[in-house]
Amino acid sequence: MSKPRVAIFDFACCEGCQLQIVNLEEEIIDLVGAVDVVEWREAMSEQSHEYDIAIVEGSITRPEDEHRLQIIRSRAKILIALGACATIGGVNKMKNNFDLNEVKRCVYGKDAEMPHLATTTTRALHEVVDVDFKIHGCPINGEEFKQVVRDLLLGKKPVIPTYPVCVECKAKENVCRYEYDEICLGPIIRAGCGAPCPSAGWRCFGCRGLVDNPNVDAAKEVMEKYNLTVDDLKQKMVLFNSK
Amino acid sequence: MSVNTISKDRFKQFVEALIQSDQRVVGVQARGDRFVFDDLKAADALRLDYDVTILSPRKYVLPPKEPLLKFDGRASYESLQESEPMVLLGVHPYDMAAINQMDLLFSQDEYDNHYMCRRKKMTIIACDVATPSENVFAASMGTATVDSGYDMLLTDIGDAYVVEAATDNGKALMNLMPDARPASEADIEKRQAVWKKNEHDLNKHMLECKPSFLPKLLEKNYDHPVWEEKARLCYSCGSCNQVCPTCYCFDVQDEVNWDLKTGVRYRAWDGCLLQDFATVAGDHNFRKDRAARFRHRLYRKGKYVPGKIGGQIACVGCGRCITACTAKIANPVDVYNQLMERTDIG
Amino acid sequence: MCECCVQNNKDIYLPAPATITKRRMLNGTELYLHLESDSGKEMEYTPGQFVEVSLGGIGEAPISISSSPTQKGLELVIRNVGTLTRAIHKLQVGDKLGVRGPYGSTYPVEQAKGKDLVFICGGIGLVPQRSFIRYVLDHRSEYGKVTVLIGTKCYDMRLFREEIAMWQERKDMTVMETIDEAHDCWDGNVGVVTTLIPKIESDLPKSLVMVCGPPVMYKFVLMALAEVDVPQDSIYVNLERRMKCGVGKCGHCQINQHYVCQDGPVFRFSDLANVPEAI
């Protein structure tokens, strides 16, 4: 049996999630042993026109990106969105909160009108094409990536948590940030990361996006219990546009 | 049963000797402004004056993730047993009561040798509560003190511990305390005084009925408005399940290696508050409403599990869920008391 | 393995290998498998029970036993609904899988002796009921009249067609079949399975009635049975939940106070009076 053909692509992103794949070190040998990597700009020069699994990092921010993603989709049996930019739009999506021309001028100054800087509102991959599976996070969790890939190779639907970060945070014996009257997005953000941020004394920043069924109606009353407001909460969600 | 007294200095030497032995020693230690059970590296780190630990010792009795078996291909399986001799030092009475319940649940009907095997290799040194935590209500649940399950029980009586060895394991440990002397009548009285005090003090939330009444109370209140009122704010985050010493539900998952053939089947903690706990293949969720899941937990604690273990209430009053719940809705006493308010006790 | 595990030489989570000896599709989604245990030892079970079927790496799922203990081997019918069942569908004769069990409660095979029996089956509800039906047919003289009602959503989904045809030819049982949606190749009853209940010739209030079908079916069938005065303690329902561990530990299949994997899947309906999560 021939090995599954895997291709890795990127759009608007920092490529940090692909770096997480490279960081698998010796296990990357296992990975390339189990699959046939047919296209990966970050690691090789070959290109291909047909793949069983396309792994796509980054968000869609330019008209030509949309077209390229559609081509990738048409050539892939399974398309995986890799990392927050691809799954929820990520940090790139912050610009959608502003006037696009203003954003361009602010970032590029006098070069803002150069044609290759043409930009549209930022979209996650599933807002452009059908996405089969999402590997969440900024960056992705290497362990989860490996498990998802192995599950797919085995023909198994990967288990992506539908519960919030609190589950993993509690297991790490962290004290809830709310006990210190600090906002944390943990109760509404999808787990799977192992709660590294709260474990390091931070709050959950929301890089894995909302759980399937977040209790948004509860927010106002719960925030009041900690002398916080929904606006405080919403402000913390801007960074990753955690939707 | 033998009851001795040992000075705190000598007790520290005992702990040091224990750490030097070939057993794994886990004890209560400070972490930040809280306490946790963790591997004990020095006797000085042990904090028997703790109020409550973030997670209960359940994490050693039923680890958060535990291998059950390894597989090689579709049909070849081999049991995995992951356990080693361990001394668990500083278990409070309410947590001991929880472990006693779990021992029963995992040994009755179908004998779970993954759990039981680990449990048999465990020596438990319990200790009476010296500092009540802010949310403890063990006194309401009848677990402010405990009289079984432990190998050894320590009670802080000021400058010394009263040490009771309850099993052969406990007596063997007593041999590591050459300086212990039989407890005097005065010491025994001091211990009684600690018990009496704890039966009064460990009650920051007072249940307005006897715990034994809970199954009957719940039987009458399945459609009570409190379930919806509370669950309205529930994040379904399962924090109450995670920190609970008596929650023992688990999920089972296979993790395959890169050869896509061999791997390990694990079980891992699960929680009945989580959205997909009762979802079956084909995506039908048998308990899809937050209120139904919220109710299920309090029914399990107050009625369903008691029905399996001779009426023992499966809430031991540690108060951890009250602290852990972000929405501040998890307090079992609050819910049960609200049911009491509107129920004809008859 | 350590000493105390050797003493209790049974790991309740450990599957035993079995080999697929027969395999065919019953319709577009239902796969029939006949298994033989690699140990050569027949599994001892009673109609109504289920097994946990494993594929290492993919996982485990509860599957009703469809064969009768009066026959050799184990027959299962597996619907292609999830990851594991999809993988099982790809297996061929000679392939192996893991099986543990049997688990759960049973149909009242002993108490039913001498009584008239009515089986009401909706869709794959026929699968576990078939175990008891076959058992009864193999001990035919010990039971009274046997009536089997089979409702299927559409013509193409019908299960065990040849076997049902053979049952229909027997003089010692009555089999009525219906499909929900009319079809060109079908000249039998059209309508949901409850429409067959008035046609039952047994003395229903004195019969034992076994009901198994999709969750939506129970309410209507149970209402129809109440109308014709079948007492609740003569009705047995076969419920399905997420029976993950199969041994009453993991909590996933719990409906109110009951663990379906231990107290069920077969329940006497009268025992479910205080179990609002059941139906």
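Each chain gets a letter, A, B and C, in the order it is written, and its residues are counted from 1.
Here is the rule we use: a contact is a pair of C-beta atoms (placed from the backbone, for glycine too) under 8 Å apart; a residue touches a chain by one contact, two chains touch by 3 or more.
In this text the structure is predicted, and so the values were computed from the model without any measurement.
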Open item on the list: In terms of touching chains, how many steps apart are subunit A and subunit C, taking the shortest path?
Closed with: 1
TODO: State the chain with the largest centre-to-centre distance from subunit C, centres being mean CA positions.
DONE: A
Open item on the list: If I count C-beta pairs in contact for every pair of chains, which pair wins?
Closed with: B-C
Open item on the list: Using Cα averages as centroids, what's the distance between subunit A and subunit C in whole Å?
Closed with: 43
Open item on the list: Rounded to a whole Å, what is the gap between the Cα centroids of subunit B and subunit C?
Closed with: 39
Task: subunit A and subunit B: spacing of chain centres that average the CA atoms, whole Å - done: 37
Open item on the list: Two or more other chains touching the same residue: where does that happen in subunit C?
Closed with: 57-59, 82
Task: Set of subunit B residues in contact with two or more other chains - done: 253, 256, 260
Open item on the list: If I count partner chains per residue in subunit A, which residues reach a count of at least 2?
Closed with: 154
Task: Residue numbers on subunit C that touch subunit A, as the complex places them - done: 57-59, 82-83, 86-87, 90
Open item on the list: Could you list, by residue number, the parts of subunit A that touch subunit C in their complex?
Closed with: 154-157
TODO: Would you pull the subunit C residues touching subunit B in the complex into a rising list?
DONE: 1-2, 4-5, 8, 10-18, 38, 54-61, 81-82, 84-85, 91, 95-98, 215, 240-242, 244-245, 247-252, 254-257, 262, 274, 276-277
Open item on the list: Residue numbers of subunit A touching subunit B in their complex, please.
Closed with: 27, 30-31, 33-34, 147, 150-151, 153-154, 159, 162-164, 166-167, 170-171, 173-176, 178-179, 186-188, 211-215, 217-218, 221-222, 225
Task: Contacting residues of subunit B [partner subunit C, same complex] - done: 68-69, 71-79, 81, 83, 105-106, 109-114, 116-117, 120-121, 219, 222, 248-254, 256, 260-263, 265, 267, 270, 272, 277-282, 284, 286-287, 292, 296, 299-300, 303-304, 307
